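Labels run A, B, C and D following the written order; every chain starts at residue 1.
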């Protein structure tokens, strides 16, 4: 392919390491609540209000809460491939965190291959690229796919 | 002190794609509401505007803009923004001003001139903004959320595409004779299911369009209203609630939910808490409801609302649409106006328009779509960023 | 029913150029106000936010944003936008909610992260929008209006550049020990007059900068407050008036005034009507005022306010600043906080910050800038598009 | 100079005829109130509310209400000349209309040449130009200048 470097499309949300993709969140040291995107100023559990929050990597597997598809090209700031290829979108609930995260489903897996309740795992994919870099985002795929 | 205010006048500018300034729509709606109330613009001492800031420009300050267009009268003004709940915020503000005795005649106005296509965020790179992140990182539009919620109904409750399509068929029929509706044409289930899929399982005809339109209310105290009419329609409660932590259901425009790891999910999920607060305040319950106007951004979402406003238990909404319970003539008609399916979305006007429709219904003036003997109605609506809105209207 | 509400808590995030999100400033101010009130976030049942939509993006919905950052609690929320009067609209909304009995503890929050340089409109061609027209057709910025009003004082009343500079010198001295002020440095008249002219006759040091900052109030009923403190500071009146037609004085962002051809100029010009409404509601007058916080977007504008809030007759403001009447220790100190001269403008926070300062003054907590024995204060403020704002604070 | 055509920078506010510059407003047929920019939908005199408004040309002379200068380059959408030349701005009250109109002062007339109360008249000036057209706006100048 190329010698392009890969980089997270947005800083601070994921570890851009294709061999070990992870989402970066935070966790309240006082009450144990997780946050994604990370919250570092103030725990948002109204009865807690602790300011002690630590960075954590979130679980990389979860359960499919629901799913849908994007059959039309989303507007900017999304950078769509030309010609546009429809894709699926999943909402996956992480067990330990009790938190649901949205994300594109890997190319080639459409809504027909999905079912609420199935096991999903995190991976990384190219969101868009320019001459020097490939910008990565997280994607969901059925476990074992 | 009574916690009711009277809806003495209602007015609308018809919904459509007129291509003019939102100011014109709002002024027309306001004038109609004043005429309906039998009052003049100079009688108004408070104006609550619902802002159309989606255009991304603070110049569109609703309250003062409408006050200026109607003719500066020295009236006090407040302008509200709370996404789709903006109109309900404006109603709530005007209502408090009447209840506190600070205002005698309050005018509530919302109007919009909508852009085409998908709603999209302003330009610029804003990685701290969830509304920017969802578009940039995953191409997640508003219909994405509608699709997620719809699919979950199918996998959890056995809803079918035919159930969803029935909502569109019903609302299209309801709106057929509504002079303020934009789309006045019957559609069949086959036509709905034959239109292109936008966000699986939802088709183009199941997702509401964006429209130009305006709506206005004249609110007064009960005492004031009784001098003008024998039995005024009243608003005994408005709810503009936010979620309770943790909000564990995915919601526009977020990429993730709150975490229930430490406290578990809330007793009442956010969407169910919206009308609940209004019922509790008004001292009524879902069993008292004769008619409802809910925010049918998608067909499937209308079914969610049946449960969230308490018309049935979770998982039973499909039975209601199949049995015709929510059709005019049924047990508890929903969206007799035709809903967003016939109107399309004109964000700051929508929550106000819902109250207009309920007022016409409760007065017996909803020609061609009248629900006989309706005495109590409820509206429900949800805006992105955690804005709930529900209004109880009764006679 | 009493028309007073109590200011049980006040808080600020210091003004500056911090380069962080406005959310952080608002949360800090809210937490300080709650601590000051001796209440917890969970005690709050209503949040009124002042929006920072100047950034041109409706994602910045203040009320819900702060409620979420503090932790979704199911509180009801309203967010207001009315240009520089946004904060006063939020105060007025919270106040009504308390007076009507709908809310027990209301939190009012405004915060901003300001852009650099001149305020300028969003992109796009909008020939119907006066705020776009003035920039495009004539290069008219906000300082243009300040310059016009200043020059008129010179030609009409014999004001001098030295008079204007004295306002800056006074306010710089006032703010010297204010821990929330951004600029804490004395300046001399020569320094002011030696800075570059921006909009003749006004110099760079006479026109306020844009700042990051936040301010918050906790409002409750008098009964509630009396359980927590012996003699609460109260707000007996808020004014959010619009002009009366015709508004014959040129105002931001318009290219022209209304016409007085058929009805003549109004009895009370708009700027004078703003505080007048508040005085009338509170049953007080300018003669009762011990301290005032006014919107000194420019030095000369502070002099206009002396007349418009009734501290002196038109044309006499120069005498007040020359005689030291409005300096701390003088007859009726104005802007003891240091005003915008020391804070810079953080639009949605400003009107709220004015009430914070008056509360500290009336409690005797304004260390280093205390006005002895102050019992009644007034704020005044004006936003573009016809937004007036005035709050009476008393003890 | 050139064969460029001249055109009003914004439609409907002025007559782009340099030999007879005029501002276009409207007047309520019921109460006689003037509007600039023109109002055609509804008379904004609160006691009138007539919808009968006619287009009118405004007076071209008036009295200087006040004046100032723009010493720094205004931001877009203003199209500034490079290098930027400071200019004066005037607020002029039209007698008949009892209405004050802002506008740039003609190049070469600075604030030193102005005084509240002096007589001013309307003229046209070039706001900016492109390859084909010159875009005109109104300007004020002292009468007889």
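Here is the rule we go by: a contact is a pair of C-beta atoms (placed from the backbone, for glycine too) under 8 Å apart; a residue touches a chain by one contact, two chains touch by 3 or more.
Please read these numbers as outputs of a predicted model, since none were measured by experiment.
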Note to self: So if I look at the partners of subunit A and the partners of subunit D, which chains show up in both lists?
What the structure shows: B, C
Next item on the list: Measure off the straight-line distance from the CA centroid of subunit A to the CA centroid of subunit B, and report it in whole Å.
Entry: 32
Notebook entry, point to check: With chain centres defined as C-alpha means, what is the inter-centre distance between subunit B and subunit D in Å?
Noted result: 43
Notebook entry, point to check: Could you say which residues in subunit C touch two or more other chains, in rising order?
Noted result: 68, 71-73, 121, 123, 130, 132, 245-246, 258
Item checked: In subunit D, residues with contacts to at least two other chains -> 44-46, 48
Notebook entry, point to check: Can you name every chain pair that touches?
Noted result: A-B, A-C, B-C, B-D, C-D
Item checked: Touching residues (chain side subunit A, partner subunit C) in the complex -> 41-49
Next item on the list: Sort out for me which residues of subunit C touch subunit B in the complex.
Entry: 1, 3, 21, 47, 51, 53-54, 56-59, 61, 63-65, 67-68, 71-83, 89, 92-93, 95-97, 99-102, 121-124, 126, 128-132, 239-247, 253, 258, 273, 277, 385-387
Item checked: Complex contact set, residues of subunit A against subunit B -> 9-13, 28, 31-37, 44-46, 48, 65-72, 74-80, 87-89, 91, 96-104, 111, 115-117, 127, 137
Next item on the list: Mind listing the subunit B positions that touch subunit D in their complex?
Entry: 24, 27, 41-42, 68-73
Notebook entry, point to check: For subunit C, which residues count as touching subunit D in their complex?
Noted result: 117-118, 120-121, 123, 125, 127, 130, 132-141, 143-144, 146-152, 155-156, 196-202, 245-246, 248-250, 254-265
